[in-house]
Amino acid sequence: MRDSRKLALGLICLLSLALLVAGCGGGSTTTTAAQDSSTTVSPASTTTEPGPAKVIKIGSSAPLTGALAAEGVLVKEGYEFWRDTINAKGGIDVGGDMYQVELILYDDKSDAPTAAKLTEKLITEDKVNFLLSPYSSGLTVSTSATAEKYKIVNIAPLANATKVYNRGLKYVFSVLWPTSIDVSNLVEMLPAEGITVNKIAVVYPDDLFPAAGAAGAMETAKQLNIPTVDIKYPKGLKDLSGVVADIKKSEAEAVISTAFFEDATLILRQMNEQGIKPKLLAFHDAVNLQPDFVDAVGVELAEGVCGRSEFWPIEQYSDDVFGTGVQFAEDITAKYNHPWTYHQAAAAAAGLILQKAIESAGTLDNEKVREALLSMDIMTFFSPIKFGSMDFQGETMENVNVKGKPLSVQVQSGELEVVYPEDFQTAKLEYPKPW
Amino acid sequence: MTAQQPSIATNPAPGAKRAKPSRRPLIIALVLLSTFVVLLPAVLGGYWMRVLTVVFIFAIMAESVNIIAGYAGYNALGNAVFFGVGAYIVGVTTTQLNVPFWAALLLAGLGCVAYSVVIGYPILRLSGRYFLMATLGLLEITREVVLNLDITGGAQGIATPVMDVSPEFANRLFYYLALAVLATVVWVTWWIQRHNMGLALRAIKFDEEAARTMGINSTWYKTQAWAVSAFFTGLAGGVYAYFLAYIEPASVFEIATSVRMYIEHVFGGAGTVFGPVLGALILELLSEFVWARFTEIHYLILGSLVILITLFVPKGLISYIRKIPVHRLDAWVIGLFRRDSAGREESED
Amino acid sequence: MGGELMQAVVNGLLLGGFYAILGVGFSLVYGVMGIINLAHASLVMIGAYLTFTFFSGWGLDPFLSLPIVAVVLFIFCWLTQKYILNSLIRRGFLGMTVVSTFGLNLVLINIALLIWSANYRGVVTSYSGVAFDFVGVRLPLVRIIILVLSLVITYVLYQFLKRTKTGKAIRAVALNRDAAQLMGINVYGIYSITFGIGGALAGMAGGLLSPISSITPFMGGPLLGIVFSVAVLGGLGNVNGAVLAGVVLGVAQVVGVYFLGTPWQLAISYAIFILVLLFRPQGIMGVKFVR
């Protein structure tokens, strides 16, 4: 007994040591293999030039496990797609030299302290030149603070809550426009399409990003003289019947919610169960995760639900890396074998913006690249990009994309269609929502 | 006649007290380890210093829960409630009341003591399984209360003031601070188990009824134990609040954190002085390596390792370290430097 | 506003039935063997995923696949207890089992992540939205089925424990392990069966959950609080207690929200939890198994 115990202990020690060695050795130059797709893993693709390729290291974290995992994986795909596309074209031109892009990506487990920790790791251990932010405002609040300490430029594809940008941080830049505008778009759509409602119920969990969006919606509604009902609920609830009861009590004809996916689908289902049928139902964040949303609630229930999309394939938006928006959508859909989502697009756009800034600055120096970002005014497949300041409810947000335009979408026959603004419309708004 | 002497030295007369094993190996090990740990920041980069700081924080919490769980037998699976309370005391007092950090830290510890005493009054009366559940419930409800108060910033959390120093300095500061608190709690644990309180706690763990019959005021000792545990856990929380520069209820009152520190103390050796520190060290570092290296399957590997280790090392890691024939090793080292007149190596004790 | 209160009570009852089945497996295991199964919520998650797989792959109705899910999870947990947890208990390390279940929890989550990925999954049946209006109160069909099935399952469990030989053996072991052993009961075999049953119950809870919730590998975490509450409130090891506790919790939560507002929903549950622990730690119905 004794001996076998010692043997086992010895084996475990050996195993742990082997893991440690595997962990320490080899440095940190590999990217993680794609989780459920078949992309190539090589970080530095072979070039036709002889000699060692120069490399730019770009670090990022993404929530590959934890509550935000579904979206985090999409962001990773977007980053990798950009990396592969740009490397195939020879890399980034830094003052005449071509540099290959090496992406170093870690899983932050949807946990802010972990994201901050690995941002520190990327900067101090892996010695990355620049950073790309993780998915969600909650995580980006942490990573941007860390990056600021070390004065490293970080581009955030999908973090547009007020709090990220009103703290006077100088090195974080948002691909998106502030979330308050996103949701406002949905509200503005109503009078624009000639719809009058008695009031709007704004339903949101007490969380950074949803609260910011809700504030935007209520502000816009106030300006348009539409009364609102504020329905805030604690996050982390498994049962939302109380929320649904509040919605019923409000007797609002329009319901706009900034809840995340799980809550959103639950609210929708429980509303249906309780027989609450508003004429307009919009989920700021859940609808654009396709096909998940339609799968989760069923085609019938999803019909007519509105949402917003940060990205839509548009012919008029184009750049020299990805081509037009339509081209991008086709390519990325083909590569990852599932319909494009705006998460991938925003992530790829972040990479693209960084690249353009580096090329414009002609150097890898963070200060110069930062200046290049501040003076940037370009068109991309994603949207026009120009960084500036915006005010909202007395707070100034800096380094947000002031030229981007949110789009309101609606599920029609199981597919997303753009319904507002009209110049990008692909289908007319269906109103009221069929139940 | 000379032949007699060695035999007396090595075979004491019957009835004579057995010689106590030398403390020397332990002291040497501790001194070496401490020197190593103190000098480490000179060679470590910022990231690893931060990793170790977090390891120290978990070690503090594991060591703290050890006092109430490992020694007294009151398994407080929800002990992280004090971590959260400590973090929030620091967070609120430094941002709203402009209290300087050091004072806030002390307040955090004392605040947690007060909380544990007040809440311990009803809860410490519960036995075994119920106490465990009660502490979990306490963790959850404290979180909910903090979430719903305005002064704590609710779900938006509190951003603690960023210190106006270079990142390198800040990293070192927190590293040494955490280390200092860790050293203190280890020393306190050592002191406890050497004195009456340790004896009382062990008696309570073994059989509380019997202990009371023998005149041990179990309530007094239990309350003390939980208070000490709360104090240090609160300090850990306070340090963490500044270290991370941002706290929110969901992350500082997390069941996962509480379970982790409890498990680490069991893992390393409940009811020992150094066990919990070892447990925290091993589990946290292991999980760090695995996460960095095996991103997609890090949970799988970590979980499997944990299961394997509990199967093969169920007594807690420290018990296996004790089995290493340290005394023979020590004697051999000493023997290298000393020879008696007969040319033989003198053995220790 | 009596109608709304009624609706709240009804919603609470429907929710409560589900809470009961969620917690009863955990309660049984903890009560009989003293094992805190930290992987319980992940077992629920696996049950939900299995149900989803049967539904999306073979079109099997989630409620019909319950027996299959129960069997699969029973076998898995029976094996786990037999080869891992029993080994620890035999050598006197009951306290270590919580660490093992912690590891198991991580393993299960990762396995789910690898097999089904992090995408949100759901089970949408043809009758998902159907509801009845009865005396001014709205009764969604799916939730009624869940409540009924929860009650049926717990009733079957209760009868099993009360009348069958194995069931009585389980109760005997819980009451006094050594005496049971002296009476010729294979204690460790009973442990394995009990853990298996706990797992089967968790899996069925997952199956019942699938039509009303999104399924992700990380869905277990938020459920743990409910699991603990139900187990404690009902009395560890007490099946009837679990049912009553679930219902009380469900109703208290929903009705509490009706009076106090949504922000206090979780606080209410935990307040009840603590109060019961303080004033009646053996649970509403008392512990059936003395340990």
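First chain written, first letter: the chains are A, B and C, and each begins at residue 1.
Just so we're on the same page, a residue touches a chain if its C-beta (ideal position, glycine included) is under 8 Å from a C-beta of that chain, and two chains touch if they have at least 3 such contacts.
Everything numeric here is computed off the predicted structure, so don't read it as measured data.
Asker: Name the shape of the chain contact graph, picking from line, ring, star, complete and other.
Answerer: Complete.
Asker: Per the definition at the top, count C-beta pairs in contact and tell me whether A-B or B-C has more.
Answerer: Between the two chain pairs, B-C has more contacting C-beta pairs.
Asker: Just how far, in Å, is the C-alpha centre of chain C from the one of chain A?
Answerer: Distance between chain centres, rounded to whole Å: 35 Å.
Asker: Report, in whole Å, the distance between the mean C-alpha point of chain A and the mean C-alpha point of chain B.
Answerer: Centre separation, chain A to chain B: 39 Å.
Asker: On a C-alpha centroid basis, what's the spacing between chain B and chain C, in Å?
Answerer: Chain B and chain C have C-alpha centres separated by 33 Å.
Asker: Hunt down the residues of chain A that sit against at least two other chains at once, touch-wise.
Answerer: Touching at least two other chains: 35, 64-65, 206, 234, 236.
Asker: Of all residues in chain C, which are in touch with two or more distinct other chains?
Answerer: Those would be 109, 113, 263, 266.
Asker: Scan chain B for residues touching two or more other chains and write them down.
Answerer: 144, 148, 296, 298-299, 305
Asker: Show which residues of chain C lie in contact with chain B when the two form their complex.
Answerer: 30, 34, 36, 38, 84, 87-88, 91, 93, 95-100, 102-111, 113-114, 221, 224-225, 228-229, 231-232, 236, 263-264, 266-267, 270-271, 273-274, 277-278, 281-282, 291
Asker: Would you tell me which residues of chain B are touching chain A in their complex?
Answerer: Touching chain A from chain B are residues 45-48, 50-51, 54, 144, 147-148, 154-156, 159, 162, 167, 244-246, 248, 250-251, 286, 289-293, 295-296, 298-299, 301, 305, 308-309, 312-313, 320.
Asker: Enumerate the contact residues on chain B facing chain C in the complex.
Answerer: 75, 77, 122-123, 126-127, 129-130, 132-134, 136-138, 140-141, 144-145, 148, 255-256, 259, 262-263, 266-267, 270, 296-300, 302-307, 310-311, 314-315
Asker: Going by the contact rule set out above, which residues of chain C touch chain A in the complex?
Answerer: Residues in contact with chain A: 4, 7-8, 11, 15, 109, 113, 117-122, 124, 128-129, 131, 133, 138, 140, 142-143, 212-214, 216-218, 222-223, 226, 253-254, 257-258, 262-263, 265-266.
Asker: Which of the residues in chain A end up touching chain C in this complex?
Answerer: Chain A reaches chain C through residues 35-36, 64-67, 69-70, 72-73, 206, 231-234, 236-239, 241-243, 245-246, 249, 261-262, 265-266, 269, 272-275, 289, 292, 295-298, 300-301.
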